[in-house]
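When the chains are written out, they are named A, B, C and D in that same order, and each has its own residue count from 1.
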Amino acid sequence: MTKTITRRSFLAGSALLAANTLLISGQQPPASAGAADAALIADLVAAYRILAQQGVLDGFGHVSARHNRAANRFIMARSLAPELVTAADLIEFDLDGNAVDAKGRALYSERFIHAEIYRARPDVRAVVHNHAPSVIPFGVTNVPMRPVFHMAGFIGNGVPVFDIRKMFGMTDMLVSDSAKGRALAQTLGDKTCVLMRGHGVAIVGPTIQYAVGRSVYLDVNAKVQAQAMALNPNVAYLDPQEAQKIVEGGENRGYERPWELWKAKAMGK
Amino acid sequence: MTKTITRRSFLAGSALLAANTLLISGQQPPASAGAADAALIADLVAAYRILAQQGVLDGFGHVSARHNRAANRFIMARSLAPELVTAADLIEFDLDGNAVDAKGRALYSERFIHAEIYRARPDVRAVVHNHAPSVIPFGVTNVPMRPVFHMAGFIGNGVPVFDIRKMFGMTDMLVSDSAKGRALAQTLGDKTCVLMRGHGVAIVGPTIQYAVGRSVYLDVNAKVQAQAMALNPNVAYLDPQEAQKIVEGGENRGYERPWELWKAKAMGK
Amino acid sequence: MTKTITRRSFLAGSALLAANTLLISGQQPPASAGAADAALIADLVAAYRILAQQGVLDGFGHVSARHNRAANRFIMARSLAPELVTAADLIEFDLDGNAVDAKGRALYSERFIHAEIYRARPDVRAVVHNHAPSVIPFGVTNVPMRPVFHMAGFIGNGVPVFDIRKMFGMTDMLVSDSAKGRALAQTLGDKTCVLMRGHGVAIVGPTIQYAVGRSVYLDVNAKVQAQAMALNPNVAYLDPQEAQKIVEGGENRGYERPWELWKAKAMGK
Amino acid sequence: MTKTITRRSFLAGSALLAANTLLISGQQPPASAGAADAALIADLVAAYRILAQQGVLDGFGHVSARHNRAANRFIMARSLAPELVTAADLIEFDLDGNAVDAKGRALYSERFIHAEIYRARPDVRAVVHNHAPSVIPFGVTNVPMRPVFHMAGFIGNGVPVFDIRKMFGMTDMLVSDSAKGRALAQTLGDKTCVLMRGHGVAIVGPTIQYAVGRSVYLDVNAKVQAQAMALNPNVAYLDPQEAQKIVEGGENRGYERPWELWKAKAMGK
């Protein structure tokens, strides 16, 4: 296999990357829904940096927000490490994953995760995709992820696992087109999180704060669940009714308390 | 479940939050016991920041101290992430959890943990409530937390587990009123720590330094106990008599040595 | 054994160290291939610092790059902790591990790992040797390291284990001459990584970015694999065909996205 | 037990602490051996800070060095968190643990660990005592600590476990007098490290650099050994002959490479 990783294939990879900035030949770029709310932009930039600072994202992974003016548009960064994202790196997309104006910049090849979830779930206004090391094991072992403590009440009705191989056979594991995004969104169903076998997780929320807060506490819950199971496989998880009451009661107060802290730290204020 | 997490329920959550600042209709706010000792205030602010810096608290959890002038008053922060707490955020409460003067600010909904422990335990002058990931597993697995090393002598007579479901059925897991606080204090009994199933832990001490020091070393002990059990379930814990001698001998010198370090680091000096 | 660690043996150690700067008596130093490309030098310095910052290297371990002007020359630092390396510390070597001009400075005794891999593998342009704690267990337990997620597709065709004892008997475990380096390179074969029993790992790539990116994600994969196996030994690893498609598709885009971030952080920009 | 942790016992603890500064009534303080070498002092201060920065020491634990002018004197800090130690905090002691001139300052109650090891082991010139969480499990589980990789060759002839209860019955676990220190030194024998059941470890070396380097890599080895055993209990440890060759070969070059890095970071240079 190593022989394929030559300079030639390295350049081929770069060529593929450049292709990512182009629309399907002959197609017009979608129209913009206009400038998004400044607070939404500020929160989205903060979300990228917070998730990096909290160890949920590393050099890979991404966050998006649905456009506040148009349900069929969403905003996410150009292909860039989360910790480096600024407002100038944000790009508007339609639900087919087409950029309104990429200005020639490379795009995340997995923007279809976001696009298809926004299409399938009108209640969702923010999506996170990450590869947190703590969650990967639950996608490859048939051990269901369950809430060990109240901060994870949002997974009280389960975390489904998406196995790309079932519908798409042998792939490079990436959700890199609309069909794959649609299949992922279907596995997500009406839940808050969907594990991706051998890859990572997608997490949704009614606000950026929810999607970020859930990403942070899904990571904590994964670590705590693994540790609890190591002590004794017979763990007393939250009852689904307890989880439901947590969600109905405002779910950790909408994460506003940690958000204030996280944003201050991530934006260096 | 996800359908309940709409913008509407998000606002409902905020409404509940606002309600937290109000007294039961028609009631008068309790009288103040007067200004607390300046050193106590400084130590309490430091305690919030130390516990965040030591990884015991994240955006949630809280510390309180009994008022130095009145046994029936205690001081804790308004609803705020621990790392951001300053002296201006501290509020005086009575043992029913009523604020002397909240100035319209949101309160921690679990202040009743503190109030009822102060009522039940005259010897306690500081209380910490945290969700340290290391301790949660011991609250959900029937594996008793026991002292693996001398720094944890203070749990030599056991760490009871409070299961809110036993008395209160299906809840959102929060100790959000006096009845729940009372039940928790009863489970605590004369011990130093009480685990809360699927939630966290409450830790008490005769001074802020003890409560903070015990919180830090309970976290370390939990990690070490889990690791020791993974090597060999047959662990040689401290003998209860050894633990008692540690406590009687001044328990880690009252944590004054690490306190000096922690405070210097947390307050940026 | 302790009696051997006296002042005398300490000095003896230093004497051995000094010997490392000398060529075999009477031999001429190899000729230089000329100044290496400035970008290569900058990337190599960054590689040392990135790997330290990412926790893959500590005070030990090293990175090298093949000289851009001569396939039979490579560049690596003098004996120095990775985090301290600057361009002035880089030295040119031939494939026998001889320095073109060491200027009397001590050399890494394991430079033969690099030299012999460059000799055996014309496709390799960068080599990392590290002792990451996460990977050591896989070299001493007969548990094969396998890819748990798409970021580790580069180990899809296996990670062989080199046991120095098989060919060289009882040693100090170091690959400190050409014969040992040759045996290691032979075990590596056409793979991307080779574990060294009771020691560490060597990782290769077609660019510095690949060798560094693979080092970072081999570490992550080791942690995730161990955690997955603890949940359930029956782990669903990447299929070799999936791994191959990942590598052929450009392998995490040649690590350019995290590289930009890592370099900015490591070089303090 | 909690009832004993009242304000009264807190003060009693402080009284005990004060007593630590006094000599046995009527005794004269020992004479000084004169000023120690400036480089030794600088290295000892660095050692305190390095071990804190490397996570081997927290607010507790200590390092000492034998006086360069007198084999029956050693130097260590007053009772202070390691990260705060400066040259002004260093005090000279005799091998009975008496301070030459404490200037009324509180002393580490476990200075007898150091004193008795210096008495029993003329080859030892530096001693570390720490409570690293990674090593505690090996002192309480009958699982012998063994070298998993070449950086831990210095434990190739074993790590004995000292159980204070065997000779001294129920205690507060502290090695707080000469008799206990003597028993510990006897268990250490001619080894480099001795575990203390339910407490920590003592580590020795022919230089400060060796004692610090061994402390850091004993911690790493403990973590790696635990992880390796979790993968497969049948671990291929270093052969005792391999370990001996490592030690005879200069043992990680006397830790001079990481020492340069650690000292630069710890002293903020």
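Note that in this section a residue touches a chain if its C-beta (ideal position, glycine included) is under 8 Å from a C-beta of that chain, and two chains touch if they have at least 3 such contacts.
Every value quoted in this text rests on a predicted model; they were computed, and no experiment measured them.
*Asks:* Mind checking the rotation angle between the two copies, subunit A and subunit C? C-alpha superposition, nearest 5 degrees is fine.
*Replies:* Rotation angle, to the nearest 5: 90 degrees.
*Asks:* If you average the Cα atoms of subunit C and of subunit D to get two centres, how far apart are those centres in Å?
*Replies:* 33
*Asks:* Just give me the whole-number Å value for how far the CA centre of subunit B lies from that of subunit C.
*Replies:* Those two chain centres are 47 Å apart.
*Asks:* Counting only residues that touch at least two other chains, what does the list for subunit D look like?
*Replies:* Those would be 230.
*Asks:* On the basis of the stated criterion, which chains touch which? Give every pair.
*Replies:* According to the stated criterion, the contacting chain pairs are A-B, A-C, B-D, C-D.
*Asks:* Could you pull out which subunit D residues touch subunit C in their complex?
*Replies:* So the residues of subunit D in touch with subunit C come to 123, 147-151, 153-154, 156-157, 190-192, 205-207, 210, 220, 223-224, 227-228, 230-232, 234-239, 241-255, 257-262, 264-265.
*Asks:* For subunit B, which residues count as touching subunit A in their complex?
*Replies:* Where subunit B meets subunit A, its residues are 1-7, 9-10, 12-14, 16-17, 58-60, 79-81, 83-84, 131, 133-134, 136-138, 140-143, 165, 170-174, 197-200, 226, 229-230.
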